[in-house]
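Structures given as structure tokens follow.
Shared chain: chain A. Partners: chain B in the first complex, chain C in the second.
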Partner chain A sequence: MTTFEDWPWQYSFPPFFTVQPNLQTRKIQLAAWCDLVLKYHKANNLYVLDIREAQGSPLFHNVDISRKLSIEGISEVMNEMHRRHNAEPLDKTKNRWHVLWHTLDEWAAILYSWADDTGQLGGVCTFYEIANTSGKEFSGIDQDVLLKALRKLEQRKKAEIIHLDDGNGVKFF
Partner chain B sequence: MGNLFGKKKVSRVTEHDKAVLQVKQQRDKVKQYQQRVEAKLEGDRQLAKKLLLSGQRDRAKLLLKKKRYQESLLERTEGQLENLERLIQDLEYAQVELKVVEGLKFGNDALKKLNDVLDIDEIERILEETNEGAEKQQEINALLSGNLSVEDLEDVEREYNELLEMEEAEKNGELKLPDVPPNEPFMQSRDVSPKEIKKEKHLDYCGLLPLSCYLLVRYLFLTTQFEGIKNSLKILNVTD
Partner chain C sequence: MRRRAGIGAIQKQKLEQERYKDKGTELQGKELEVLGKQLEEFRSKLEEFASNHKSEIKRSPVFRRQFQEMCAAIGVDPLASNKGFWSVLNLGDFYYELSVQIVEVCLATSEKNGGLISLSELRAKLMKSRGRFSQEIINDDILCAAKKLSIFGNGFKVLSVPGGQTLIQSIPGELSVDQTSVLALAPGRGYVTLPILQEELKWTAVRASSALEAVVSEGLAWLDSQSPTPQYWFPSFFIGCMDS
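What follows is the complex of A and B.
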């Protein structure tokens, strides 16, 4: 069960769950939604959001005031997050999303500094090993998000991804 | 043809890396298996509890037997995991050793190259030339200092000694007085004090003239006196 305590004041404000027609207001509303979605996913260590299922989550459905954000509304929030590099669609229909409370570049930097600090430069490690490092921000990171972040490092020639029959590995440089 | 597919990326991943990765993957799998078994054990324990409560003791016993077997499996996997970890460590250590050997090789090569440059004959030649240069320098020195005459050298020596003496006197806090001229005509004995010398000098130069004058005047005076007495005797008709 997901737990989240840090609801903003807007969460109990009914108009927050209706996409506002006024452009200026909508901009502020979307910004608040982006912020909330990122905080929620970070607190629960969630990486994937499926728009079709999202309405069932307390994130978009406040039972106390019986309000939920429409699918179109969620879609709009996700598109806004995409513009901010905080989300990436997983399919062409843009139903499934990766929620990136750290942008991919940030993830890449975090991973590289971890590898540097633990003396793994020049060594290999499996994705499982990285995701199961305890006490780090990337503990339990989604394998696909990890792959995307490491590809950023690969572009900068700081790492190379190794594909084996079962599972991936990475070598840091 | 080479450019047809663009620049082929050279992989920096070696076969060794792949081998290490594979071992690590096996390790991960064993870990995952352990997690799975642990979760199952916990489930079985809860189930056995429930069965006991509901009175199905035989089933509970059977379940516990199964659990025990799985626990022994878990212990065995623990040993396997240790083996894998050790293998990974060995592989990584071998890599380090390889690096060390490589480093030694590079160092050796560099040293060899340097030694090749430094030829023994060359060094001997250079040293010989250096010696020759030094000898030449000494010769020139000798020639240059030989230009001074013997008197010059003596002068130099004397001046040097004077300086030394002055230095010594200053050190002792004495007032340096000029030496008495050594070639004074009547300066016979050394133990005459300067004051006496001065007196004598005064007599010599300043006292002689008045004395002679005095003697002359006296003589003249006496002669005139004598003449006068003679005349007065004549007046008195006194004849001798």
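What follows is the complex of A and C.
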């Protein structure tokens, strides 16, 4: 079960759960939602959000004030996060999303500097090893998010993704 | 037949009138002189008083207000005079500093409250940003400084809504009388609804809904459509927002 204590004041503000008709206000509202979604996923180490199931999560449903963000509202939040490079759709219907509290470029930089700091440039590490490194921001990282981030490094010729029998690996340069 | 007044009499009368006039002017002049002297004396006593009680004026908000009132009585604005004698007080600096801080707080919170902040929230935020070692400030100080800001145009205004609430508006634009009446009903509850407006203000539904639309389009209120009757919430009056 997820835990989260750091709710912003908006979470108990009833109209926060109604998509605002005033465009300027809606912009402010969406920005606050983006922040909250990212913080929530980061605190719970969650990487995937499915819009069809999201209403069941306390994130979008405040039981105390019985307010719920609509599916359309959640969609709008995710699209805004997409614009900010903090989310990527996993399918054409845009129901499933990767939530990126670090953008893929940021993840790529974090991973590369870790490899550099720990003397792994030139060596091969498996995705499993990376995700199971303890005490790092990327501890427990979703394999698909990891793959996307490493592809960014690959494009810049700073890494090469290697397909091994029992999963993926990466070689940093 | 009565003799008509001769030329001599007319001249005499004229002369007398002139003398009276002269005397009058003389008296008036003397009176003015005396008054002027008194005012001058009062002024110098006030200056003396100010320099003797410099630290109290700066430290105590109540003292400061009383001093301001005395100054206003003789047409001296210690805020405007940063030259000459009054500069020893640095009172101008005190209010300039406060004005700048007010602008900072209003700008920083305008995103969440639409540019409308209650005097009490503003004061709490000012005290926090000034730190606990600075002089105490009271609402009068804030109002005094905020009023100075209104010279920069209509971007800054002190609003008194019926019911005793004072708000500082830091967005350009004029709130209509109806919008102000709507605002007056929001404190405490944090929101208003169409029936509340109809009930409390005896407005028609058309009038009430157009006032509600206006506060939404000004960015002052947020709509909550998940309650049985739509509620219009004001972040400026929402405790969680005020404390954040």
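Please note the rule applied: the second predicted complex is superposed on the first by the 172 of 173 C-alpha atoms of A that agree within 3 Å, B and C clash if a C-alpha of one lies under 4 Å from a C-alpha of the other, contacts with A are read in each partner's own complex, and residues count from 1 in each chain.
We take it that a residue touches a chain if its C-beta (ideal position, glycine included) is under 8 Å from a C-beta of that chain, and two chains touch if they have at least 3 such contacts.
Values in this document were obtained by computation on a predicted structure and should not be read as measured data.
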item	value
Contacts of A:Phe17 with chain B and chain C, given as first, second, both or neither	second
Touching partner for A:Lys171 - first (chain B), second (chain C), both, neither	first
Which superposed partner A:Ile162 touches (first chain B, second chain C, both, neither)	first
Contacts of A:Val124 with chain B and chain C, given as first, second, both or neither	first
Touching partner for A:Pro8 - first (chain B), second (chain C), both, neither	second
Touched chain A residues, chain B compared with chain C	C
Partner chain in contact with A:Arg67 - chain B first, chain C second, else both or neither	second
On chain A, the residue positions that both chain B and chain C contact, one per complex	none
Chain A residues within the chain B interface of the complex	123-126, 128-129, 132, 160, 162, 164, 166-167, 169, 171, 173
Contact set on chain C toward chain A in their complex	111-112, 114, 191, 216-217, 219, 222-227, 231, 233, 235, 238, 240-241, 243-244
Contact set on chain B toward chain A in their complex	11-13, 17-18, 20-22, 24-25, 28, 31-32, 92
Interface residues, chain A side, partner chain C - complex	8-10, 12-18, 20-22, 24-25, 28-29, 66-68
